[in-house]
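Both complexes below contain chain A, partnered by chain B and then by chain C.
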Partner chain A sequence: MKSDVSISKSRIGIHNSMMSDKIKRNITGWLMLLPGCICFLIFVIQPMIVGIYLSFFETKGFEAVRFAGLQNYKDVITDSLFIKTVWNSVSYTFWSIVIGGFTPLIVAMMLNEVVRGKAFFRFSAYFPCIIPGIVTAIMWKILFQPDANGFLNMIFGKLGLGPFQWLQNATMTIPLINVTMAWAGFGGTALIYLASLQSVDHSLYEAAEIDGASFWRKIWHIQLPHVSGLLKMLLLMQIMGVFKVFQQPLAMTGGGPNNASTSIMLTAYNYAFSYMQVGRSSAVGMIAGIILCGFSILYFRVTRKKDSV
Partner chain B sequence: MKMKIVKSIALVLVMSMCTCLISACGTSKKEGDDSKVSVKIGYWPQKDVSPDNYKLYEGYLAAMNEKYPEIEIIPDHYEYAADTFLPAAASGQIPNMFRVPFTEVSKIVKAGYAADISEKFKEFGFDTALKDSVLDLVTVDGKYYGVPYNAYIVGMIYNVKLFEEAGLVDEEGKPIYPTNFEELRQTAITIKEKTGKAGFTFPTNSGWMLMSMAWSFGVDFMEQIDGKWTATFDSPEMINLMQYISDLKWKDNVLPENILLAVKDVQQLFATDQVACTYAPTDWANGMISAYGMSKDNISNSPVPAGPAGAYTQIGGDIWMVSPDTTSEQMDAIFKWLDIRGNGLKLDDSAIERQKERYKTQYEKNEAITNMDFSIFKEAERVEQIKKAKEEYLNVDEKRWNTVYSDNLILRAEEPVDAQQLYQVISSIVQEILTNQNADIPALVKQANSNFQRDFLDKNN
Partner chain C sequence: MKERTGIISNVNYKKGSYKVIYWSIIVLLVIMAAICILPVAWVLISSVKSLDEFYSVPPTILPRSFHFEAIPELFSRYDFTKLYGNTLLYCAGCVLFNITINGLMGYSLSKMKVKGGVVVFTIILSTYMLPTTVCMAPVYKNIIKFPIFGFNLMNSYWPLWMMCGASAYNVILFKSFFDDLPAGLLEAAKLDGCGDLSVFTRIVLPLSKPIIATVAIMAFSGAWGDFFWPYMILKDNNVQTIMVKIYAMQQDTQMGINTLLLAITFSIIPPAILFVFFQKHIMNGFTMSGIKG
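Up next is the complex of A and B:
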């Protein structure tokens, strides 16, 4: 019995010394990770935990005053605009996939085929990404001026069309805001697709040409399968990003007309900054987070099923 | 050996990064001289952005240092913005004295980011010297939370060029002002017919500006019954107001095409001769002159038109508030600073000189200086002192710069509870009416009234 204990102790001793050896060996690596980990804790984890905590409290500024249980959640869910704002956010997401989901891939395929002036076309595609989001929103707001002197209306006027109401048309507001978002964001995503497309083994193209494959068949059978994993990941990131949209509606329409473009995160912004109700704002943020988790799980399930087929 | 050196350098770099990160999270060393009472004063102009104002503030600072050497004023450039205030206040970054628009006072107090200054407020005599309507702006639950810097009331503002083009001027060249809502409508129609420009507009993203109009139509927004607040604007008066606005758009076509208008959009339209008249607080004119280069001679004003319930106007202003961590000594220093700035009750000779300096700066920038400002003080002597200080710098045509104040005008402060939320509800109805010709106005008003009750009055009070 005694010997068993001493064996086990010596095993633990060996294990501990191996661990400390491993740590010593990798100490540089661990230390290299440290600044990133500290930033992650301060700027991501800490605000998230505070947000979750505050969502269960009655607040005074950022101070939790009294435990409120689920009252903040009840208050925001029973708000007469809540369902509308969730639906608007879903609508933003839907239109972002329709308008901006495949545009970067198409642009990447076109850039991949360019032989001359590659740098120019790549820069041109990426250029809108350099412009700050708020500037893009204001620029498009000016383009969408609804009177006859508005930039787009003047162009359509020359063709005998319009004038159009653009952002003031409640049914068009969200798709049009999505156009501006797609314009501002497609360049960065296109470059990621382009990097992936350029890693396609050229022997596949050569084999396809020998087999007499057309341009479209090469895209369908070589390029699309090659980027499909990336496409899924980027679409998921787009869904998660667009569902949280608030800067563009805030700058372009203020959420109007009659809340037609108010997103769920714009509601959270209004609770926090227009009304200074941080508890309710945190509750809206939490609900948005839960919805996004739901989207992600659903998405992974659907794509996994598809992959297994 | 070489590898070891590289590793050591990398380690030193990583450690210094960590140290920087951790030290950045700490609080900074307290500024100022320990033997003095130090106060941070916000809204301090930046030298590069506003050199004239910066020079004025340097003058205030020199006078303060001379009169109160035991006080150290620390300039702080913080300017209130709704989206930066909350995090700045929560992290203790707001100065001891900061300036906010009056609409923000009650929510800042509710959030716990303003000090109760009642004691000093009374000690320095503001409670008896200010007009009651102005005191309402800084009073929450019977306590004082701020010192008014200026006050304004909502009036009408006219673009003289468009009025002249439409022939709506009298023999002296003064615009013919509408005195009631039917006249306002007819004026707007004439402007549209004669100039092709919008006759009238108002900010549709800010329900605040509609309040004067609504009260004049006789709308009561809320009342307290047995301690419970009840929304009361599902009424024929509110429906009449909304019908009036709808008719301006769909029958008369006198509003601009763009109906999603914030305050800045309306100012831009007005200053660039795209719209002939609008509701405007008295402080708008100089804002448009400096932002859009509008000539002061192209501006005229009058009191708001009267509606079926009378001519109501909303009072507003900018307020100096004090951060909650301010000590009694610092608060005393703040009130002394206000005296030096010329915001106090008594103006000594040097304070009058500094006021003159301010008017001179405005005069040089070609801003409008009138003797028709709304005074926040009751005391006739102080009002006269200011009038006298302005005298040599007055630069507007008094025929056109009619006072926006009249004896028939009824002054009101904003609604007592959930005013910001009410503005949002009202602007939603207005936007629906202006984008949907077939909007069912009574149903919209009924729905808005019930939503305001359920979403805000029931939950917040």
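Up next is the complex of A and C:
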């Protein structure tokens, strides 16, 4: 009897110490989470909620003054400038796919064939990636100088062409900004493709060889199917990235000439910090966010499929 | 002969048509390398041209004379020593916040199994998915009037560092790294009498060196090029980073273009050196970030 009690007591004791262990672990765990939670709360989560909230309000400075319903959205959508920027964003996306969409894959395929000097070519392709984004933008703005002393006009001048207006020419601005972005980013993407191409099973090439497949057919039937999932994923990521383009037009053209290169995010920035209309800026952000959410969902469909295969 | 990795095998290469393809590929790659390197090389070389030569007709591609005295002039006029100091301080803080805050979060979410951890992780994951395009103005508002005590954090590095602490991508990266650490290892250490803290410092930290190194290098090179928020917040000359200064310089129409090119040169050198030393880490980190999203 006596021993029974002591056993049950010690059991409770074990139970207690396990309980306190659990509590202690929870406390330590939450202490580890706390600093991060504060950062996320102040700089990501709360601003997102406030931004959505403000988009439905008339604002003064950064404070909501009066509930305005969908007035901000109406104002923004009927603003001819906004329509132009949406059109510009479509144009940015189009040119980004044309100029930078498939270049990385082609470069990766070429790198994959090289025997000697591969390290050098890989290095040179990646080289533009190490230059900070804003410096790339400013550097290309200088290279695109419209007078005869600009670097590109100098080179084209030797070939007897030009001088060109480059960024000052409204129809060329968006394609040229995309050239800059492609220049800065293609090497990194090419490395991702290269890693994937290197995992192609070599016996496939040999089998195709026996069947008499040409060089191009081997690309079409072996390499392209191998990277197609990655290609879809990276193209979507690129579209999502270029949709948010902001820094390049800000630094290279300021949105000009005559708003020919203003992007959606630059409009949101201008509403908030140039015209001090935070409500409208938030509405623009919301519209862009909803469109991007659509892309995100598409992206998840694509990557999920890739994982399940 | 090195091994071939692509479609063209050694046998193929003996055929004429494949030889043509191979050498056209080499030619195209040489052109690519030139496009990648020459513009930067031109900036580096032209930065020591004199202004007169810059605007001379006909223009020169290679400079006739080198003006290295422009370098000390740049350093004294724009106080580049201070700019380097500021940028290094800013980058060091970013690295520290990225590693400690995101790393601790990743570890807690992976191994501590706290109550509510799943909710926290779901929220972090969703902030990573959801576009943050509505945040620009509210974040700025939080910086000029910090939600706790209402500080004005203009011209301070703290809000920028705290933004580094809120990197969903790094939290996910750390969490998936810690998920791969065998739980038995930590259990064994606990049975031997290690507390949670000493398990962390004696077992987990030494094992996490590779991920910490990768995140640190990526964070450093990322922070070196950070532009938008430093530009919004660091308005005072005493706290500006190099990127902010260069942006201000390019808007100054009074300044000679060779000075701007020289400033650009000095802003490229540190990341270039970093790249030379940590080429593998940086390229791997990039490939990883690309594949994971």
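Observations
FYI, the second predicted complex is superposed on the first by the 241 of 309 C-alpha atoms of A that agree within 3 Å, B and C clash if a C-alpha of one lies under 4 Å from a C-alpha of the other, contacts with A are read in each partner's own complex, and residues count from 1 in each chain.
By definition in this document, a residue touches a chain if its C-beta (ideal position, glycine included) is under 8 Å from a C-beta of that chain, and two chains touch if they have at least 3 such contacts.
All of these numbers come straight from a predicted model, not from anything done at the bench.
In the overlay built on the shared chain, the residue A:Pro257 is in contact with chain B alone; chain C does not reach it.
Contacts of A:Phe56 after superposition on the shared chain: neither chain B nor chain C is touched. Of the two partner chains placed around the shared chain by superposition, neither chain B nor chain C is touched by A:Tyr73. In the superposition on chain A, A:Leu167 contacts chain B only, with no contact to chain C. When the two complexes are overlaid on their common chain A, residue A:Leu143 makes contact with chain C while staying clear of chain B. In the superposition on chain A, A:Thr189 contacts chain C only, with no contact to chain B. Shared-chain residue A:Tyr92: touches no atom of chain B or chain C. Of the two partner chains placed around the shared chain by superposition, chain B and chain C are both touched by A:Cys39. In the superposed model, A:Ser274 makes contact with chain B only, not with chain C. Taking chain B and chain C in turn and counting the residues of chain A each one touches, the greater count comes from C. Once the two complexes are overlaid on chain A, the chain A residues touched by chain B in the first and by chain C in the second are 28, 32, 35, 38-39, 42, 62, 148, 269, 272-273, 278. Touching chain A in their complex are the following residues of chain B: 7, 10-11, 14-15, 17-18, 21-22, 25, 82-83, 85-87, 89-90, 107-108, 110-113, 204-205, 256-260, 262, 420-421, 424, 427-429, 431-432, 434-436, 451, 454-455, 459.
Those residues of chain A whose C-beta lies close enough to touch chain B in the complex are 28, 31-32, 34-35, 38-39, 42, 60-63, 75, 78-81, 145-148, 163, 165, 167-170, 253-254, 256-259, 269-270, 272-276, 278. On chain A, the positions that touch chain C within their shared complex are 24-26, 28-30, 32-33, 35-40, 42-48, 50-52, 54-55, 62, 107, 109-117, 120-121, 123-135, 138-143, 148-149, 151, 154-155, 157, 183, 187-189, 191-192, 195, 197-198, 205-206, 209, 215, 218-219, 222-223, 230, 234, 237, 240, 244, 246-247, 251, 264-265, 268-269, 272-273, 278, 281-282, 285-286, 288-289, 292-293, 296, 299-300, 303.
Interface residues of chain C, counted against chain A in their complex, comprise 1-2, 4-9, 12, 17-18, 21-22, 25-26, 28-29, 32-33, 35-37, 39-40, 42-43, 54-55, 57, 59, 61, 97, 100-102, 104-105, 107-109, 112-117, 120, 123-124, 127, 129-142, 144-147, 159, 162-163, 165-166, 168, 171, 196-197, 221, 224-225, 227-228, 243, 246-247, 250, 257, 260-261, 264, 267-268, 271-272, 274-275, 279, 282-283, 286-287, 290-291, 293.
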